[in-house]
């Protein structure tokens, strides 16, 4: 399924396919077939009717353009779908036509169809997230000893390891993936309530039909219809929002590492990837851009979903009608972000030499905190702070190593010997618990499937 | 252009057409043709090249699916579009191919194409808004004397006229339409800056090319390229947000008037409009639902646009890439809301009898304020409030008219004669400045075109 | 702690107290005391220093107005807090002053302080949610047989029970409360990472300090510092968003039931509650208004939080600085909504007679679906639909019972006897699985504390 | 008025003062005084009553904490304010107490009070915006010839001038300020409609009272009450959103220029400004952080406002109750952003040497576009692209100037002489229309006051 140009940076073909006319028709028809089968099995409608419905429920027999037009007039796709299917069945078996959509309401088919589409989205998204995790884990392992500048408010700060940084990214993806799976689990349940959620048209058989219908569609059966209680879907789109926030943080970091003036990382290259129409030399961080674009859009889309939750009584006027596209976009954008980060993580180019150069370029002023700690015990913190503030400024202005400046400061050399001062600028010696923390982050990496 | 099922409640065919693959291709190619023409006219590229480009720039020659795929890899549709066009031109005239997209950058084409699409949206939206205004004005005129309950916090309150209510709706649409037109005017300008906004590739001819390009495309020429300054588009999407908020308020009001228990208004009927799959008797307020759905979604989409404004330096990583679909949705949703309110306003059924019944059903407790005013001058406000609170409660409990209860209250009849008490419940006598305010609201209705 | 006027509809005194200057100072000082204690216990700083810090860390000794001013200049409250505390300690024990805030960074104190405030919010919110659940459960039990109109798109629809409706509300609150508790559990962990998250200033003792610090503050110890990974807090604010969406749906329903024209429910009365300055007779649904106001604001606030997640490297420029007020508002608004729904649910007045009258007023056209089912088996669905559409319209126009109209329709009485037609309008006989579904919803009501 | 700690990064003292309890009380009392004065002047209430009300309306006589508590129960601050004022007046003049708040409704006072606060905000905000404009204009003038790297997707691109960049910032602030002023102009109108917007309690004097009331308060008099039509305020908060988006873009740019690895700009220094608790050497871009924090939060707040626009009938249940804090925050955040950008622009340190170094470090590959243009005319665009892609890669890998690499490429030197190749890397020669565009942007700088 081609992605429309307007969405070309917001979806991928498999994700777009999920929400294509064909998929939506298929999902709605699957609901109708399953309903008919279950109802015939339970003796509610004739077996022949169910067979006729199943035979007729071919998405190619329905014109999606006309259905779309009818949906706009009806305020739902469910009603015209049921009508269209009824007409097709009627053209072959007039009696069977009586039993299409039996005891269901339009929201039953539109909501359950949406859930079926989400069920299809889950493995797609989870696959990319698993790839991203795996690649970030490998990156963390490989670079457990690669040291680079820490950066706070975009200013040089004491060093970290790329291993720890990548482990932090990994941990965020892992937590996000777990939340996403939990909310998918919660949300993948049928909607089946009839006109007002009592299943009155089925007499006392409502619950058994619901249970069998869920089984037939391989979805969960919730405690009750959730027509105007949208919290399960809301939790799912929020999980997408939180996850994409984390993916966006990773993209922000990588795009900053990939800046020309920083040059510590680069996205994987590839034909047609990241070039510029006017600047043949460029390698643009396209995957980061796509991920950040998704992260820019999703918060507002989550808000749109939450705003639609105030659904009146047994069917809303406005709330339910706004959901389909919001959910579809959130899923596709999350998917694009996950795929982009997976691709970036798998092919990220690291320039460890440049990392070292950027560290060196600070003239070791980033180790002022360390020097303060060493001196504070001797001269007091306040004095130590003053000494370092002066020395750091001098180092920056004179373009000399902090240690060298300190070595000329009488109040310092009274307390610190030249070995200590030489050692001051060794980044590897000022990493604290970086490696332990890295291992803790990766330890959470038990297989995700075992827990769901 | 059919609307996709996923968007079936969020767009109309003409609006969807605006953002179709074909329209987008056409708009991008129009930019390239105009650029070539202007550059050839100014002697920057050969006339033959411009002719060859114009001849080749046929949207049917470009596969949108492939372009979409390439856009995802390039992070923009502009680069692969320029490449695709170059290939087509090259196949016919190798020299001309050198001059495709000359001196432009990808964002020049993608931004200007978006502006061209917006230019197409303007008359569509304005037409429906004009219809809505006209119909609301007529409704207000017709019902200048139709009295109905005022309602505050959904509780019965002193009366208003439907004429005033409709005039309030009219005024909001009118103000919103004016804001929209002002921001359209501001936003319909070309984007043309070359690689970084200096038009360096054109030497000292940048400005003249820009000016001519704008003229060629019948767009405005801004003071400077606005590649990472998105405030004009932001103001436009905000105007859509404010307008749809007002349209949503109208839809909320009408959907409440159309409630079964209120029954004072109904949306126009029509084949396939507002029926229910399970309840053949129903006439659902579908237009209100579509409008409210739009109003639910747009605030988040506006937030998404505003969040994307923090665009880095001369081209953003993430901001620009998130805009196309956000703008397209906001425009389409605003358009659906405008069309829905136009249709509703033109065909709204009013049940003035029911309005009177609902007024009567309050037993005149809604005139307690009036009675307080009459009494306060005699017994003081506090005492008057107490008397009325008691009387109103009694009227409600005993299901009697407030005037009748007051007529039995000694402290009241000392001060108010029976004529005053009889008159108390005449809604027409407690409308204050309703008619003057109505006229003031409609007076703003000078032709909108004259001012733009 | 008084609530500011500007926030008077958005908070309660206990909730406002949580985020007062005093509470924030207290929480930040608690962090500093705990840190000093743990570090002295582990031999990192002198015991005397820890004692001096604990003695000095009195929130009354710090001027919050000055701290606020300094925070604006520093871009964080953490730095001026540490400075202010250092000055106080220094004034008593110059040596101890060296060890204030030892090895911590400003974000360690500001983030952990926020978490401590959230820890205080949890029982407040959970208490109101538990009250709301309990009251909704009791309401559902009491009204298991109270029948009222179902309503779809605000139109009369087949009946439901108030018991089922209240059980649906209960289920949504319960699920929301569980999600909230799960995310609280996840989020109530210390933030402790030092300058860049490596705890380098503590050498190899970082992890043990972290663990002990968490224990001292009675918070969890996360796998690693989460300075620029905000997903745990994001998940918490999202849980608030989803929950308030559900509370808002309840408020929307109740405010609609409380409409003058519907009159089926009313919020509990009380001095100063729900009156009107101009309409002494009114009983406004104030609790619903507060809840809906919260539900209007929270989606945007959630979006604001999610938008702030793209935090650069080891400390953000902009992201972290936007979080405190957003979180504080979301918590307070959720709390107001929870308290309001609890109060409403505990005191809701139900008018079952009015419910019956509203059912009657439909002239039984809401049972058209039932009649269609009965007839479809005999005359086919299409024919049955047509018969009922005609009959329902006639019933509405002539203001007669649907059954009576049908009794005069030859094609109907051929198939349905008069008993069936008389029974048609008995709402109690068309409730389907309402009671079973109600019981299923309430069954999820196992004690929440046992699972957390 | 001190800023609360929770808001310490989101407001300034003058802005916080605007929304303090005292200011709100003052504004509400000002409304009541003005109303009484006008009504006495028109003979509607006794002059003595107006005098007594004016004498009693002292904000110090009302306990804001109690008012806040009462507001929560009443669902509005207007009702308890009127009651409290009535009590004070009654304690001095029982008759006068009858005429407090005469003919007004709670929303009249709460809305008009908000408008009065906004009137106070306008000059504060406009002052900082004017300062920002002035400083950016001066920066642009001073650096009209200072050349620095253009940057697209954070990658080195052809050069721009700082003059043009600052002019772009200036233009965005200017346009944003104009939009803000226009919406302020539109929004600064009284709200006065009585119970339902008809001013019924004033008989036929409603309009004259309204007009005089507006004059008394020095506000505009709108065509009609706008109680549930919130578009004017919505347009104002949107203008804040668009403006803060532009300010955020400036802050994003400057924070990126201020990165350690870029080092081309730095925020003004100052005591307590931008230091770090652990890193004495740092100069954090605090103003940028505050601005970006504001820009992170505002889009969601704008969405919250827009979501609250769907206000029912003559007074909303939920919509109006959510507005005060949303508006207050948007104004304060916009104000903080404006003040921060003004301060930054006035004191920005520019390192033009570093700008040159960063240009040099690209080895002139940023001029590949220029070389392509020179060559394309001779060898065709495709060939030229290939030659430059190869040469640019070689220049990067070998760390040599692009011109030097090209000088060794036979196909190049056939067409370009050595002078052309030497000139290739002269940034000043590849600025296109930068200066003309700069002048155009600044030319819009006619005095803003003349147009409003």
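Order of writing sets the chain letters: A, B, C and D. Residues in each chain are counted from 1.
By our rule, contacts are C-beta pairs under 8 Å (C-beta built on N, C-alpha and C of every residue); 3 or more make two chains touch, one makes a residue touch a chain.
This one's a predicted model, so the numbers in the text were calculated from it and none came from an experiment.
Least step count on the touch graph, chain A to chain D: 1. Remark: among chain pairs B-C and B-D, B-D carries the greater number of C-beta contacts. The distance from the centre of chain B to the centre of chain C, each centre being the mean of the chain's C-alpha atoms, comes to 31 Å. In whole angstrom, the spacing between the mean C-alpha positions of chain B and chain D is 24.
Multi-chain contact residues of chain C (touching two or more other chains): 75, 151-154, 157-158, 194-195, 201, 248, 251, 255-256, 276, 278-279, 284-286, 289, 292, 295-296, 298-300, 302-305, 307, 316-317, 369. Taken in their complex, chain D has these residues touching chain C: 2-10, 12-13, 19-21, 24-25, 64-65, 67-80, 82-83, 101, 104-106, 194-195, 201, 248, 251, 255, 270-279, 284-286, 288-305, 307-308, 316-319, 321-322, 324-326, 328-329. If you check the complex, the residues on chain A that touch chain C are 75, 86, 90, 94-95, 97-100, 103, 150-154, 157-160, 164, 167-168, 171-172, 175-176, 179, 194-204, 206-207, 223-225, 228-232, 234-235, 238-239, 241-243, 245-246, 248-249, 251-253, 256, 292, 295-296, 298-300, 302-307, 309-317, 369-370, 373, 376-377, 380-382, 430-434, 436-438, 440-441, 443-444.
Put simply, chain A touches chain D in their complex at residues 149, 151-158, 255-256, 258-262, 276, 278-286, 289, 299-300, 303, 307, 358, 361-362, 365-366, 368-369, 372, 385, 388-389, 392-393, 395-396.
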